[in-house]
Amino acid sequence: MRAVQAHPDLELQVVLGASALLDRYGAVANLVRADGFEPNAEVHMLIEGETPTTMAKSTGLGLLELPTIFGRLAPDFVLTVGDRFETMATALAAAYMNIPLAHTMGGEVSGTIDESIRHAVTKFAHVHFAASEDAGERIVRLGERPEDVHVVGCPRIDLVAEVLAKDGELPEQAEMFREGVGDTFDLSKPFLLVSQHPVTTEYGSGKAQIAETLKAVSEIELPAIVLWPNPDAGSEDIAAGIRRWREKGWAENMHFFKNLPIETYVRLMRHAACLVGNSSSGIREGAYIGTPVVNIGSRQQRRMSGTNVLHAPHDAAAIRQAIDRQLEHGRYPMEAIYGEGNAGEKIAAILSHKTVSTQKLITY
Amino acid sequence: MRAVQAHPDLELQVVLGASALLDRYGAVANLVRADGFEPNAEVHMLIEGETPTTMAKSTGLGLLELPTIFGRLAPDFVLTVGDRFETMATALAAAYMNIPLAHTMGGEVSGTIDESIRHAVTKFAHVHFAASEDAGERIVRLGERPEDVHVVGCPRIDLVAEVLAKDGELPEQAEMFREGVGDTFDLSKPFLLVSQHPVTTEYGSGKAQIAETLKAVSEIELPAIVLWPNPDAGSEDIAAGIRRWREKGWAENMHFFKNLPIETYVRLMRHAACLVGNSSSGIREGAYIGTPVVNIGSRQQRRMSGTNVLHAPHDAAAIRQAIDRQLEHGRYPMEAIYGEGNAGEKIAAILSHKTVSTQKLITY
Amino acid sequence: MRAVQAHPDLELQVVLGASALLDRYGAVANLVRADGFEPNAEVHMLIEGETPTTMAKSTGLGLLELPTIFGRLAPDFVLTVGDRFETMATALAAAYMNIPLAHTMGGEVSGTIDESIRHAVTKFAHVHFAASEDAGERIVRLGERPEDVHVVGCPRIDLVAEVLAKDGELPEQAEMFREGVGDTFDLSKPFLLVSQHPVTTEYGSGKAQIAETLKAVSEIELPAIVLWPNPDAGSEDIAAGIRRWREKGWAENMHFFKNLPIETYVRLMRHAACLVGNSSSGIREGAYIGTPVVNIGSRQQRRMSGTNVLHAPHDAAAIRQAIDRQLEHGRYPMEAIYGEGNAGEKIAAILSHKTVSTQKLITY
Amino acid sequence: MRAVQAHPDLELQVVLGASALLDRYGAVANLVRADGFEPNAEVHMLIEGETPTTMAKSTGLGLLELPTIFGRLAPDFVLTVGDRFETMATALAAAYMNIPLAHTMGGEVSGTIDESIRHAVTKFAHVHFAASEDAGERIVRLGERPEDVHVVGCPRIDLVAEVLAKDGELPEQAEMFREGVGDTFDLSKPFLLVSQHPVTTEYGSGKAQIAETLKAVSEIELPAIVLWPNPDAGSEDIAAGIRRWREKGWAENMHFFKNLPIETYVRLMRHAACLVGNSSSGIREGAYIGTPVVNIGSRQQRRMSGTNVLHAPHDAAAIRQAIDRQLEHGRYPMEAIYGEGNAGEKIAAILSHKTVSTQKLITY
């Protein structure tokens, strides 16, 4: 958003929707405004329930309203990000309306419904901003024209680079612990970072899955910062698992956050002894930051990862063992496999002169 | 539907929506009921306007309601067809809800937004029933597992084969002309069949496009049966072009139908001197029936076709020339490139024992 | 809209939706723009079908999107008109969002679902602009505070007065007949004007009802200008009835219009020998213009009418008899029972200083 | 539901939607099933946010889906309850579809948007089941036909009567405190019951309002059972106020419940020293049970209440003073102003033979 705004030939328009508008998920809208961006439209589209049913319906709701908004804003490009379920609404609205669609983070491989969404969005997108060479090649194999595939790195790495360049120090502890709930502890000593999201294609298993993770983390006997899950189908399951853990009184030395400012999160990754869970940030930002990561289960299945990642199944013993290995190893050297921190600028530069044909055609 | 119903291990459930419920588009629901199928659910989801905006919103509306319906019906498979815009709602609802998705007619190539929709649905589908070898191979190249791709032919050919086997004669003329509007004429003499739909990615050009076609058809001086367009974005344009033609008094020897029973349509294709327009039926059913076809513009662009098809741009002179060549040539021999008329049975047989993994994974 | 725009202390915002955006219903959006108003938002919300089911769903669709729009526009008042089904969406969106709601044409009595809608909107409205003393009193009896009920006349009469003041002559005949379909005739000789809409609470009877009317009109042997029905549940029935009449070749000396510019319509009312049907314009504008009216069936049941109205049931003989009586009588003197042509100014003046309490409370 | 199910001439159909399906609000669907009712349809329609905007949109979502469901179930009557925002969706869907609408608890007076909703639903309803004579008379004054207004009492009183008849004893303490969060205490000693909901028309004030209440309750120094608010616009405000109270460590001797089985709630009301807040249960069930009630603010403004209710503004000192007066007074004698516990039977009996005219007409 900053790079587009800064480019002399581009005008930025921002549409906020879904969890970005909700306190329950950290009120991203407020963070966006605090960063100096005024949204051009806001659309409440998240239907309560966090089941596969409501995930589908919420996408439908987005697809009902976004056309009205796109019709008013009349953008030259709609840019959509990654593979969350609402991304599909953005992609369909733009493509059906003959508005050129740009897509970041396509071509990667993972588990959960995101895997299907990501590749389907690729089939609607007119311009592809791949985060890695590997991903770029996969987009071409999917039948996209090579001249429309631009390997620019991941925009999330831009932020990481910026934060680390400015000040990679630990967040101010007292201030940070004022938010969230749970125990507080000394961040200057080793701690774990836990971030585990539901796998929609394994809906119903989340409570058991998070229990294995929390069990392993508890046994390690390091304090832990634990993040609540994303609003995907099944997040209520994981939340229930976390709440149960807390109610049992087992959450000693754990502190829980709904959402953290990205700056804070990056600094925590910079200093955490190990990141545990299935967040893509472990694979992606982790490689750049050099964070030791234990990645659990199928969610990041086959996503290209650096040497900083160990994989474990949903099994407390295996997870614990992997964490132990990471603690022994310590931090990793930086690997720029998801870009070097200038994706935004590259994207803005390309969009400023890119012309596309509305009609797509598979290359084979 | 017949094959599924007839299979001892399968139970058929039918959900009707969109234009199938509307008189304006021929009340397919009534035809379905007349064929002995009782729909398990009906959902009005077509938002008026036939613009790119309403096409997107109608899909959103479908995606809002289908999850409620799928939740109630709890099917083992959802089967969706082809590449119409509403297909996307069906595909997303099923895939997001972890209901295995079967897809027919994937892997083909065409123009219009259908091209993107078709391949995106492939990325959500768990089982693929390709209509041709060519299409099956393309699905595999898109990263689908070969064991989930079944080349069974096109179910629409099944109906064609059935109709031709039973009675390939001309429809009863007086009865047929009781429907629709316009002049009547003698079907036993040479006549043209015209079926032209909007190209959503060329939205706004429909009126000029159909004018070229009607001009060419008029100049040929054969009577013509003309079908109204599908409810895609831009169909109002084509309809306006047709209405203008009629109001100008230029529609001599033309008869216009909103929709024809499939039997009638097949018999007309069997006897028409030439099918003109951009309907996929020319490519698909046309190859099997041996109908001479003049395919116009980009809509069926690159869709695998038999020898029976000549291509022409949206230009009256070029269209006329192509029709003349087809009239000279006459009927073609049957080419079974889209199957041999037993796709339904094959699909039913495969679905009856197929097991799939909810979690999809690209093969490369 | 003109009066609000002209008022120094008010800013006009316009939201267009439903049939106003559709060619099928005369593309009111184009007329609005031609009048110099630029809509602040447009929302496609009409679901095809024109059944009771789609009428309800279309209202739901409006209620889904209007809150997003109202949130962006942040008006001080939302003004909604009358008793059409979409009015309910506007009223609910505003009232639920604590935006003061102003309502015109409340307090009247009629048939069809409009009767319930009108009074329900009154229960949500914070300011009431009644068109007649009678209606104003009824609003007070419904438990509204007398100080919030303003009898200002009907804004539609403002337009009538303006048109008549400027030029009450017949529309230019050749130009007018260029639109629509059907026979043309000499407007300077006696002609009928027919406008009949569906009665949603008698859904399914529309085809028979319009047949009685057209039969009576045919027997009168005067040429007739016939308007297509509004997009309410059942309008397809009436349209089918009209189409059948035309296809049978019985529509001699009839010309059919989807919609007429309000100026043209008023001038036609000024000169028509009789207005036949169930449009509220007969009761309302008719009283002011002095048009002889035959009002048919329950739709305007009990709506306060002037001496210019004769009532008839859905029976060709009775309708014919009533038309004959009106032809004998000729034009009526003007009765200003629905205002004197300055409602807009009065409304703007009141809105410019009105303050309301968000919390409504019934007065008894 | 029990009375309808038990009646030989009636068939019960149940549609569950909105918060009834959500764990966050106590998963009423599970309670319904536990009571032996199998829902005929379930519809997720609550859009996250609990703002005036999402309250409107959720109603729109209900109005989009209920017509499909009502079309399938084809009921002879739709019965809707009271004045919650979703009630409007049910009422509109039924009335627009010409399905006779029955309404309980109409004709009462309150604050919040409920006041407008309740009377608007009355204007759509064909049969009115008033809970009190007073309410019945108000319905008639609203222009409804006296023969369609039946004063039957409040169905909620039926349940109260049933519970008290069976066993009015305190709930089993250990079991009850296993749910919810917070301190536990001895129910056999005096305790307070707190139930405070948002006032949508005072959106934004909820956090301050609940703070006054909790302050007063704390100062009284009796233990308290506190219920989380309903999912209305503003409930997040009240929830935030409660969470803040807890986080500050001020919630000593308080236990918090999302929802309580109705039996448990009635028994608590039977034994509570005082019910504090703005729940209609204080006015309604409270009169029958004889619970001392301190009703706060405008939400139950002017709702007919018995001698058991003292009113207080949102002011901790005033609330405390009123609670003190109630503690001094103790329990009240039963007042059957909202019925005698047989409303269900009466409703079922009337519905079994009631015929209505689809077309409503105001009586004046």
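All chains are identified by letter, namely A, B, C and D, in their written order; residue positions are counted from 1 within each chain.
The rule is short, and it goes like this: contacts are C-beta pairs under 8 Å (C-beta built on N, C-alpha and C of every residue); 3 or more make two chains touch, one makes a residue touch a chain.
Just so we're clear, the structure is a prediction, and the values are computed from it rather than from any experiment.
Contacts with subunit A and subunit D are shared by B, C.
Set against one another, A-C and A-B show the most C-beta pairs in contact at A-B.
Centroids built from CA atoms put subunit B at 39 Å from subunit A. Distance between chain centres (mean CA atoms), subunit A to subunit C: 52 Å. Chain contacts: subunit D has residues 44, 53-54, 57, 61, 64-65, 67-68, 71 touching two or more partner chains.
On the subunit A side of its complex with subunit D, the touching residues are 21-24, 44-49, 51, 53-54, 57, 61, 181, 236, 240, 247. Residue ranges of subunit B in contact with subunit D, taken from their complex: 41-44, 61, 64-65, 67-69, 71-72. Listed in rising order, the residues of subunit B touching subunit A in the complex are 52-57, 59-68, 71, 85, 88-89, 92-93, 95-98, 109, 111-113, 115-116, 119-121, 123-124, 138, 141-143, 200-203, 233, 298, 301-302, 358-362, 364.
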